[in-house]
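Two complexes are shown next, each including chain A; its partner changes from chain B in the first to chain C in the second.
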Partner chain A sequence: MHPILKLVAQRLALGFLLLIAASVLIFAGTSILPGDVAQQILGQSATPEALENLRRELGLNEPALSRYFSWLGGILQGDLGTALTNGRDIAESLGTRLANTLFLAFWAALISVPLAIFLGLLAVRYKDRWPDKLISGVTLTTISIPEFMIGYVLIYWISIKFGWFSSVAIINDSMTLGQKLNAIAIPVMVLTLVVLAHMMRMTRAAILNVMQSAYIETAELKGMPMLRIIRKHAFPNAIAPIVNVVMINLAYLVVGVVVVEVVFAYPGMGQYLVDHVAKRDIPVVQACGLIFAAVYIGLNLVADIVSILANPRLRHPK
Partner chain B sequence: MTEPLLKVRGLKIGATIYPPGEKARDIEIVHGVDFDLEPGKVLGLIGESGAGKSTIGLASMAYGRGGVEITGGSVEVNGRDVLQSGIRDIRRLRGAEVTYVSQSAAASFNPAKKIMEQVTEAAILQGKFTRAEAEQRAVTLFAKLGLPDPENIGQRYPHQVSGGQLQRCMTALALCPEPDLVVFDEPTTALDVTTQIDVLAAIKEAIRDTGVAALYITHDLAVVAQVSDHIMVLRMGDMVEYGTVDQIINQPREDYTRALVSVRSIEHEEKQPSPDPVLKVKGITARYKGTNFDVLKDVNVELHRGQTLAVVGESGSGKSTLARVITGLLPPSAGSITFDGRALTPDMPSRPIDDLRELQMIYQMADTAMNPRQTVGTIIGRPLEFYFGLRGAEKQKRIQELLDEIELGEGFQDRYPAELSGGQKQRVCIARALAAKPKLIICDEVTSALDPLVADGILKLLLDLQKIEDVAYLFITHDLATVRAIADSIAVMFQGEVVRYGPKSQVLSPPFDDYTDLLLSSVPEMRLGWLEEVIANRKMESAGN
Partner chain C sequence: MNDQLKHLSERVTKGLMTRREFVGRAAALGVTAAVANSMLATAAKAAGPVRGGTIKLGASGGESTNTQDPALTASEVPLYNLRHWGETLVDVGADGNLEMRMAESVEGSSDAKQWVFKIRKGIPFSNGKDMTPEDVMLTMQRHSNEDSQSGALGIMRGIESMKVDGDNFIVDLSTGNADLPYLMADYHLMIQPGGGMDDPAAGIGTGPYTIEFDEPGVRHGFKRRDDYWDADNRGFAEFSEQLVLNDATARTAALQSGQVHMINRVDPKVASLLDRAPSLSVKSTAGRGHYVFIMHVDTAPFDSNELRLALKYAINRQEMVDKILRGYGSIGNDFPINAGYPLFDNTIEQRDYDAAKAAEHYKKSGHDGSPIILRTADGAFPGAVDAAALFQQSAQAAGIPLEIKREPNDGYWSEVWNVQPFCASYWGGRPVQDQMYSTAYLSTADWNDTRFKVPAFDDMLLQARAEIDEVKRKEIYSRMAVMLRDEGGLILPMFNDFVGAIAQNVGGWVDDPNGPLMNNKAPIKCWLTDA
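On to the complex of A and B.
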């Protein structure tokens, strides 16, 4: 078997194990949460008998282990369970929410990743000169400001003062792509500003590290222009660390956008999760947690595999 | 007289250094050097480390490595002063008119790109050739440089070819854009001696066939004598002597040049073996964990008290592994080791302290073998405390005795390793080994990282100490000149096996086995025409077979 296939298969198996471990943690974590769903649903004035009945109905009295395995078994068949609070199928309501979150993350990534890498390359080209300092300064500033703050500032200027884009990012299926993009323009800007610095700094550091290599000197002594050296000789050897940080930020775009979704009233996963945490709707929280874990593990798996593929020694064995 | 291709006048080069704990300061590393190089000629730049030879070579491309800066003088290539040129003109010069071959091709090739792409890059981007022409020329050069499968080798990645092949690819890279001048910076230094000779011959032929001029930088006078027309001897940034190869080798005018020419001429009378060997290695076979081949195969050698056994071989021959087995760092899978009449346990941690004390090691890199935060006194004093429990004045006295033995005087006790030269560091390591009063010292390539003259000093010191202390050396080296200088008996290793073993006089006299013959005939000799002779002999032999 080709050594790459073997490595990739190993990583995939490892990722699956990790996901199972995450499911245990999520289940255990939500099980020891204080509070009681039955109490929450029936309210303070409920009689002990009524509470007991509801608990039995919801299966809350079963031992934890059997509840875990029936939950896991359901998930493996695509059944995320039903929400305790409104009795609706979680997979169904989660589906549209997830699609919305991915839609937002996709456009944010499409702008921020190439921009961050380009700015990183530029910062290397003009290392320690004003373009480098300007890029570092601006991106570090935007990462340091809380994202809701950036959100409100952008709403104030772009939406209210100039009236270019909508301040509320509500989208639904009846909208055209153009309308949707108009709606999410400001959230995408906010997310881009938040993730830019991390990726750009890592690109800069990874490439500067490679620039110390003897083969960079060889390229310089061939009379190659600086930008070509960075692009053709340094970048291909810096892919692994860059991909890793890009993937972490992509995961953040999916998992960490709660605040931005709330600010812009965007109907994504984050808001869905926050709503149901407030209602102590454990099955929904568990389902969301598992999906977030899967996104993290999946993207890091991609980063791992890309790093493996980027290594010419593994790609082209002797 | 033809107009010189390269005309260097009053070249001064400086650098900013940052000594630890002190302010940065500027130093001058080349103090005004003049020379001319005519088209199609080869000038050898020779000197020890710190002589400024690489710096001068790179200055011809208007390049300063690290913090190095050209501070004065002029460097004219084809009549234009490159030091006065703008960055665009300098770029057109590099990779088109002047190209560079570095010491380590393995590091100088981009691991992520195919060889062909890198070899043709400059020629294409500088507008000298179209892609098709450049690739055609590269294939021709690959063939000329004796690379296997020249049509397809360019499609490989650097890690897919051997070190010697990659060094030839680097030469092809330099010659591809049809430059006027190639700077060869120690192109064969990192190669094994049997590989070096082939690469050297290939480079020489390529230079002759393409009519290119070259600056050939090396610390090895015997090598430079084979390829150059003229030689310039440099020392600490100054020119010592300039002349034709013949004059420099046969009638050197300066003392320093004479010392370089006569280096490695230590005479050492071989001692007769005594009846009781101090070290007996019997049937040792060893492999590293997780691998499935033996790096040592049934090795049998003996070493007598107060004598030197040289273990010689190329990289990968298993000579350092033998040292690891003897010291107990790698327990063997078969065989036994007897030391001073008693059996040694295979693994180091279970050996009694006297076995550890009587078997000491000296390493190739003295730099990394010492704690940079300890003074010389602490470094040498440690074994005195550990093995003999010496304290206070007694310890100080012994440290001073040891420092005297290694010919470092008063005042060295309080110095740190960073304040010592390479040769002095190695001397401190020798003193540290001697402090334990060992019966056997394993010397692993102890002179390989040193300049020839310094290495000579270390070898002389080791021989003197052997007489005084009656200590035996297991001397691991790839350098046959060192072997001649120091050994009483020799074991030649090849792919994990001892292929030839016996007293020095016997091992170094014919009839030879094939490998020893190849090894011996590959060591560069300091005379003109040696390279041609060897190559012609080999061609005849292979034709005869």
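On to the complex of A and C.
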């Protein structure tokens, strides 16, 4: 078998094992959460009879181990079960939420990743001069401000004062792409500002590291223009760490944006998960946990494979 | 009203002038802002309801776990949903009187043991079938079934039997209850076809709207029904949409930028600032809900009434209203009833902050001086952590050591409230005194969260319940209030107002003390003046 195919297959298998391990952790973790789903569903106004009836109906009295295996078995067949709280099919409601989350993450990534890398290159080109300092200063400032704060500031100016974009990012299927993009404009800005600095700084550091090498000096002595050296010689060699940090940020855009979702009432996975944690709706929490774990594992897999492909030494192992 | 002002206010209702402009012009004519605003309200009412358009509500209190099943409704967003598609037998009106809905009339026997509801005829459900007395009975049976998960189970327990007789739905009680019709206004008891036994979450009822889309935790949409029976009074907008906006800032921003027409739960901290915006107005309605600190009277050290009195005197109620509610509320008097209830006795002496008296009672209690642990959480009520800190300070001044233990919001209602002996909590009001007392202060009540179990109190409650003579009832309620105030485990510093906000183009607003945003009926009873 081609070594690269073999490598990918190996990685995939490992990733799958890791996912199974994660499922055990998720199940164990959700089982030891304090509180009780019946109490949470019925809230403060629950009577003991109603509680007991609901508990019996939800099968909360069965042992944990048998619940784990029936759950895992269901997932392997693509059945995530139904939500305890409102009896809806989890796969269906989760599907919409996941699609929304990916939609937001996609547009945020589409803007932030090229922008971060471009700014990183620019910072290297003008190292220690004002463009470098300005880029670093601004991006570090935006990453240091809590994201909800950036969100509120942008809402105040862009939505209330100027009325350009909507402050409520609720999207649905009946909207056109243009309407959807209008709705998510401010959240995308916020997310871009939040993830920009990390990727930009890593690009800058990785390329600067390569710039110390002898072959860069040679290229410089040949009289090549600086940006060209960076693009053709430095960047390919700096790809591995950059891809890694880009993947971490992409994973963050998928699984870590619950605060932004709340501020903009965006119907994504984060808010969905938090609601169900609060209600102790265990099947949904487990399904979300598993998807988040899969996203992390998957993106890291991609990062690994890309850095191997980008590096001839790893691509052709002796 | 002079002609010029009248002309101006008409311009506002037609949307030719903003509210702020009007108030400014009126001020130039020597009219105060308050008077100017009330003139506007009159003008809007005189203009009459406008039909059409899409009225949008931005509401907090919705989760992606919500369902349309009325039995399981426990938070605010699902409640707005129910009001759109469903209706109860009766409603409690803004004036506290009964308003007939699915029942045409109601009549009780002289001992208040039998109640006859005459059911209206020819009212169609949204599935096309006519509502019948059988549907009413099946609905009540579903909620009173011991197997049901209904939040209304508690209030259905006193019912001995139900039957249908021609057009009448007849309820027999084991003990007389003069307030039974009020209990039938409970929002869980939406009349559903076949009692909702087959598909409780179908959202089929006799209300003015049908469900258009239903995305829990995100948005809910409704379309007006052409065959609605009471179209003169409800269901003016062609479409009604509810966006779930749990974040307070997101909610106010959505209203300010015109993406919604009304919002609930305006944070008292920003209410007065928000009200300055010209495009909207903040609506604060005195209600029956209250914020409390509750002590278990059967657990040391709270089993000593002297210590309980010490703590009651050690709380500064006015300060709480000023600082926690920012004035959007009123002070409490350690019993859960205020002027919002019928038969309220306003002559009961108000308990004030008195450090000297508190210290005296504390000394008499013989408490060993160890810190008394007060549990609180952000989720106990808005500002609960700050309120506990204020309580600690004022108690400190009386020499009573309070130790605040901050608990996580998560699990607060299952692990702390009704479990720990001293904690912060809240109560939404009930339409009548009997229901409030039976819910939390009767010996056998499930949510007797102060463990107040006094036979004499129970006797008075049952006596008042069956008493038809209002003067006598009022007298009994007054004695009960004083007893709870002086012996109970309830420290009630404040009654909170419902604070909401509506856009300037919303007409038909009426203050309703029964619940937030016109008892959750603002979307179905208001209209858009520029629709």
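Going forward, the second predicted complex is superposed on the first by the 294 of 318 C-alpha atoms of A that agree within 3 Å, B and C clash if a C-alpha of one lies under 4 Å from a C-alpha of the other, contacts with A are read in each partner's own complex, and residues count from 1 in each chain.
We take it that contacts are C-beta pairs under 8 Å (C-beta built on N, C-alpha and C of every residue); 3 or more make two chains touch, one makes a residue touch a chain.
This one's a predicted model, so the numbers in the text were calculated from it and none came from an experiment.
Shared-chain residue A:Asn182: touches no atom of chain B or chain C. Once chain A of one complex is fitted onto chain A of the other, the partner contacts of A:Gly223 are limited to chain B, with no touch recorded for chain C.
When the two complexes are overlaid on their common chain A, residue A:Asn237 makes contact with chain B while staying clear of chain C.
Look at A:Pro312: by the touch rule set out above, it reaches chain B but stays clear of chain C.
Between chain B and chain C, more residues of chain A are touched by C. Look at A:Thr30: by the touch rule set out above, it reaches neither chain B nor chain C. Of the two partner chains placed around the shared chain by superposition, chain C is the only one that A:Tyr156 touches, whereas chain B remains out of contact. Look at A:Ser136: by the touch rule set out above, it reaches neither chain B nor chain C.
Within chain A, not a single residue is touched by chain B in the first complex and by chain C in the second. Touching chain B in their complex are the following residues of chain A: 213-215, 217-225, 228, 232-233, 236-237, 310, 312-313, 316, 318.
On the chain C side of its complex with chain A, the touching residues are 58, 63-67, 72, 74-75, 146-151, 153-154, 201, 213, 215-219, 243-247, 249-250, 253-254, 256-257, 259-260, 410-411, 413-415, 417, 446-447. By the touch criterion stated above, chain B contacts chain A in their complex at residues 58, 61, 63, 65, 90-96, 99-100, 102, 104, 107-113, 118, 121-122, 125-126, 156-157, 159-160, 173.
Looking at the complex, you find that chain A touches chain C at residues 34-36, 39-50, 53-54, 57, 83, 85-88, 93, 96-97, 152, 155-156, 159-160, 163, 166-168, 170, 172, 262-265, 267, 271-272, 275-279, 281.
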